[in-house]
Amino acid sequence: MSVDLRTRLGPVSLPNPIMTASGCGGTGRELGRFFHVAKLGAIVTPSITPEPRAGRPAPRLAETPSGVLNSTGLQGPGIDVFLDRDLPWLDEQGARTIVSIAGNSVEEYAEVAKRLNSAPGVTAVEINTSCPNVEDRGLMFAAHPTAAAEVVRAVRTNTRRGVPVFAKLSADVTDVVGVAMACADAGADGLSMINTLHGMAVDTWSFRPRLAGVTGGLSGPAIRPVAVRCVYQVHAALPEVPIIGMGGVRTGTDALELILAGASAVAVGTANLHDPSACTRILRELDTALRERGITGLADAVGLAHKPAGTLIRRIDPNVGVGEPTEQESLQ
Amino acid sequence: MTDSSPVQVPGTVLTMRRIGAYQTMTLVAPGVAERFRPGQFVALAVGGEQSSMLLRRCFAVREVKPDYGGTVEIVFSVRGKGTQWLAGLRPRDIVDVAGPLGRPFPLPRYPVTCVLLGVAHASAALFPLAAVLRQRDCPLHFLLGGAGTEEVHGARGARRAGDSVAVATEDGSLGSAGRVEDLLASAIEGAQAEVVYACAPLETLRSVSRTCAGYGIPAQVAVEEPMACGTGVCMACVLPVIGDDGATHMVRTCVEGPVFRGERVRWDDVGTIPFDALGAPRALRLGERP
Amino acid sequence: MSVDLRTRLGPVSLPNPIMTASGCGGTGRELGRFFHVAKLGAIVTPSITPEPRAGRPAPRLAETPSGVLNSTGLQGPGIDVFLDRDLPWLDEQGARTIVSIAGNSVEEYAEVAKRLNSAPGVTAVEINTSCPNVEDRGLMFAAHPTAAAEVVRAVRTNTRRGVPVFAKLSADVTDVVGVAMACADAGADGLSMINTLHGMAVDTWSFRPRLAGVTGGLSGPAIRPVAVRCVYQVHAALPEVPIIGMGGVRTGTDALELILAGASAVAVGTANLHDPSACTRILRELDTALRERGITGLADAVGLAHKPAGTLIRRIDPNVGVGEPTEQESLQ
Amino acid sequence: MTDSSPVQVPGTVLTMRRIGAYQTMTLVAPGVAERFRPGQFVALAVGGEQSSMLLRRCFAVREVKPDYGGTVEIVFSVRGKGTQWLAGLRPRDIVDVAGPLGRPFPLPRYPVTCVLLGVAHASAALFPLAAVLRQRDCPLHFLLGGAGTEEVHGARGARRAGDSVAVATEDGSLGSAGRVEDLLASAIEGAQAEVVYACAPLETLRSVSRTCAGYGIPAQVAVEEPMACGTGVCMACVLPVIGDDGATHMVRTCVEGPVFRGERVRWDDVGTIPFDALGAPRALRLGERP
């Protein structure tokens, strides 16, 4: 029995659902020393900003139980160097690239989106909405449905048709479904969930915060239950909107858990730090897990946890179902 | 995936011994040994399959051998919970190994006189380097330091491999009392050294870099910044380093290091984002409050 | 050197800062088989409701990486049996009892508070604000500053002076500081943080949610960074309001981490499931940890992570400082 | 803290053997043995100090001995990650043990004929019970079941301890083909049994309880509901059970069980909150939608 791992994210079809999570797969080259990056469904880039950013001072990472806190501050070379150096490399490798973008104002997001628009090799755009909005007392865009929607609208307007725009949401909100709906209404083709949880650690010898940035983002298996909950709630409310699920995926069955909750694709973040081969291993394990469970098509598993017990019907969902890949995509 | 790529393999513990303040562990890790060049390190996963510890632990390589498809020896001290777990391993236990990682020491093309300076466990990295320098007929002078006798690693090995060995301990229990960097100037002068290789804590490396700058000779230093992945994906391990373009970059020590030219590292700005670093916060650059 | 572990929670002084977290220490009798319950700073009861509650169907607990998901549904005997059977037992043991209360409407909270008012042996009242408000589409009170404040006001009004009222907050909100401020303004004498995070797990064999209640509350070391962050943020905003910190405390240094972030007392929840002696062990470890760090009074450590590096000044804070215990308390 | 209180001690692995489908592990756990009464269980912490697994794993006790201050033997199958970790332990490793926990089997005051029915690993709990019943001169008839030969635990021990032993396997590889509960009626009749003790999965216990009710004899059944703490603090392990007051209560099987009178358990309502249970949601009681 062979498993059809293809998945659709709006207008785009991917050969399999496993991708790196933004900021956890480097430029692609680093993990490329351990496996061929084109084997994954996609590579998600670190969040790209209009200008180069030096990030936050060290210490930037702290280990917590089954988790990691980070405050890297989106260190990166900026859109120019990204377009010159990193995107072409990914394209040469045959990778499908999802470009994560970030900014501190709606204009900055729009600017990056515009610059990407003429670049070849962009499979999708993911909006990191967890950035502080300098125009709103530094509150992250993701905190308010209207702020998140505004960014989505700006990016969608500046991105060409056929390139889906995903809004990446934070779970640090009272009502993630409300933010998700606002983003979908504003034109997001899909949703990515979840970004890191807002956390902190204190060194009990120095009595100081363990991160130079004081607070940081919590990721890793510790947060998986929160990710599963968000994906489940949002898929229940917006069953036609494709979701890239992420948060604490370490094994193929972890990925399957998010898929059952409603994710059409799964991004792997912190696990890459622990195991540089994590993405290919997880892809292999997912394939085995589906096979062992008698599931022949990934699409059949998407959202299955919402169905009454015992349901495993073959269905072709217009959104997540297995469509024929378009010619361009199947050439990749 | 060229041959200089690292490998990731399940390593099998071959031996585990306690020597002085340190654990010495030899792992069978096929593929690592043949790729290894002095100065590179390995990153180990700790805690087993259900581990609550997600970050890798990085260790300099003390020695590689071709036995059993390739062995790797590391020397480590128990510091936190990861090294505690490692110290509890027994022969035949399995540890996931990624390596060799990082940029190796640049090697001289001609025989030059070298000072090899190491502090505590970090001295371990000097021995594979010494073996290669020896092959190139470089005279080698070791300077080893540590808090006390127990914390000086490799004095015996240095005596075998080096033309001279001087030791300094902070408590004066072995060699001269004080810090090993205090011996550097006279070692450089005495041996007419043309290059210094150093593996030590940051403070020592800063001092080594200054001394070398004073003599106008290169310092090749291997830093030991807190790392998390060891493979370049997480941006944990950055230091402010001056690039070929003359600008300061926040570079990842796990892929662009751990070996740097001493004068390139902005030692006084470690733990900060220097205001003139590429991409430093604009507010700071404009002299505003952060 | 002996360490003064006493701590103040508003008008009340406790001999030490370690307590059980609500719902994780049974009635006290269960853990009482492993140690004397009066050794702890306090015992916090499961959330007491006006009527008996049978709780949710099983499965009710699921293990997640360094965490536990629960959906027990506040099973309990109701206020009558609690007052007849459980509270007197705790009082007999010499334990200081903090009674956690819950309800599905402001009236239910007020009712339980009123019933407690005439009962002897109530050291403090903790309001579990994470209950669904039946009058507001089942949204938890903790989700909205106004709803949380209303409950606090009702409970404070119905509780006698000298018995402090703590509002227990959820971290599942966009702005925990806002909720904290609203509760303090409404008369809360202190704040407890954090309750479980909203999470979920899916069984990858049955394809069904692993909890009968579908979603549940995530607790355990996994969430500690979120707890530390909330305590730190709220202590920064409201330095005079005492905080009972909780979330993922497993060791004495974990407890110290919350104290450094700003907690005057620390509750231990999930660790009791893993280790029935956890509370006394943590108390011992905390004592040792303080001693090793040269801290002679617990109060000196409260909020130390907020001070500039290197600060460890002895200070008598009117709120968290070491007051002389009142006669009644020192007799216990 | 009376003597019947459980203890919590670091247990030391003494022996670990594989027998049939099961691991048999003996732990030195001072204090547990002397307090133990048949039917009680122990709760083990798994994964070591930095464990990501926070829930305890509960196991019936196969045997206690006074050696080394008290040993405890358990028999278990590898199911998930906790039992996998346990199976990897070696002699001298340490496991935290809490026990003995739960209510023991009620014992007859006079010699009565007993049927002891066990399925798979759960049969283990019958052996300490048999030893005590033997001391009271009770005739004992064992019924053991399992999926196949490998999954039948304790056939040899039962032959030593019992007056008769019958075995049923689902694949027919040992004894009669089928489920062991199908042998119960004829065993009760043949032996004129006055009480049945059973340790088995829920389905089997339900059937055992029905059969016993039919004969008007008590069924003392030990349930194996998913537990999380084993000590009564978490409310994970509830079953709907009819109390002395005639009302249905959601009772914790770890403190009010694991042994129950079969007819008290509302087998058909397991996994639900029966509408007439004490404290069941009001809406349901009023016949409204939940």
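Side notes on the structure shown:
When the chains are written out, they are named A, B, C and D in that same order, and each has its own residue count from 1.
Heads up, the rule we're going with is that a contact is a pair of C-beta atoms (placed from the backbone, for glycine too) under 8 Å apart; a residue touches a chain by one contact, two chains touch by 3 or more.
This structure is a prediction, so every number in the text was calculated from the model and none was measured.
Taking the CA centroid of chain D as reference, the farthest chain centroid is that of B.
The chain pair with more C-beta contacts between its two chains, of A-D and A-B, is A-B. With each centre defined as the average position of its C-alpha atoms, the distance from chain A to chain B rounds to 35 Å. The centroid of the Cα atoms in chain B and the matching centroid in chain C are 46 Å apart.
Within chain B, the positions touching two or more other chains are listed as 50, 52-53. For chain A, residues touching at least two other chains, in rising order: 65-67, 220-221.
If each chain is drawn as a node and touching chains are joined, the picture has every node linked to every other.
Those residues of chain C that touch chain D in the complex are listed here as 23-26, 30-34, 36, 51-61, 63, 65-68, 70, 72, 75-78, 212, 220-221, 270-277. Residues of chain A that touch chain C in their complex: 64-67, 69, 143-144, 172-175, 197-202, 204-209, 214-215, 218, 220-226, 228-229, 232-233, 248, 250, 253, 256-257, 260-261, 289, 293, 301, 304-305, 307, 309, 311-312.
Interface residues of chain B, counted against chain D in their complex, comprise 47, 49-53, 81, 85. Those residues of chain D that touch chain C in the complex are listed here as 1, 5-6, 8, 45, 52-56, 96, 98, 225-226, 228-229, 231-239, 250, 255, 270-273, 277-282.
Those residues of chain C lying in contact with chain B across their complex are 65-66, 221.
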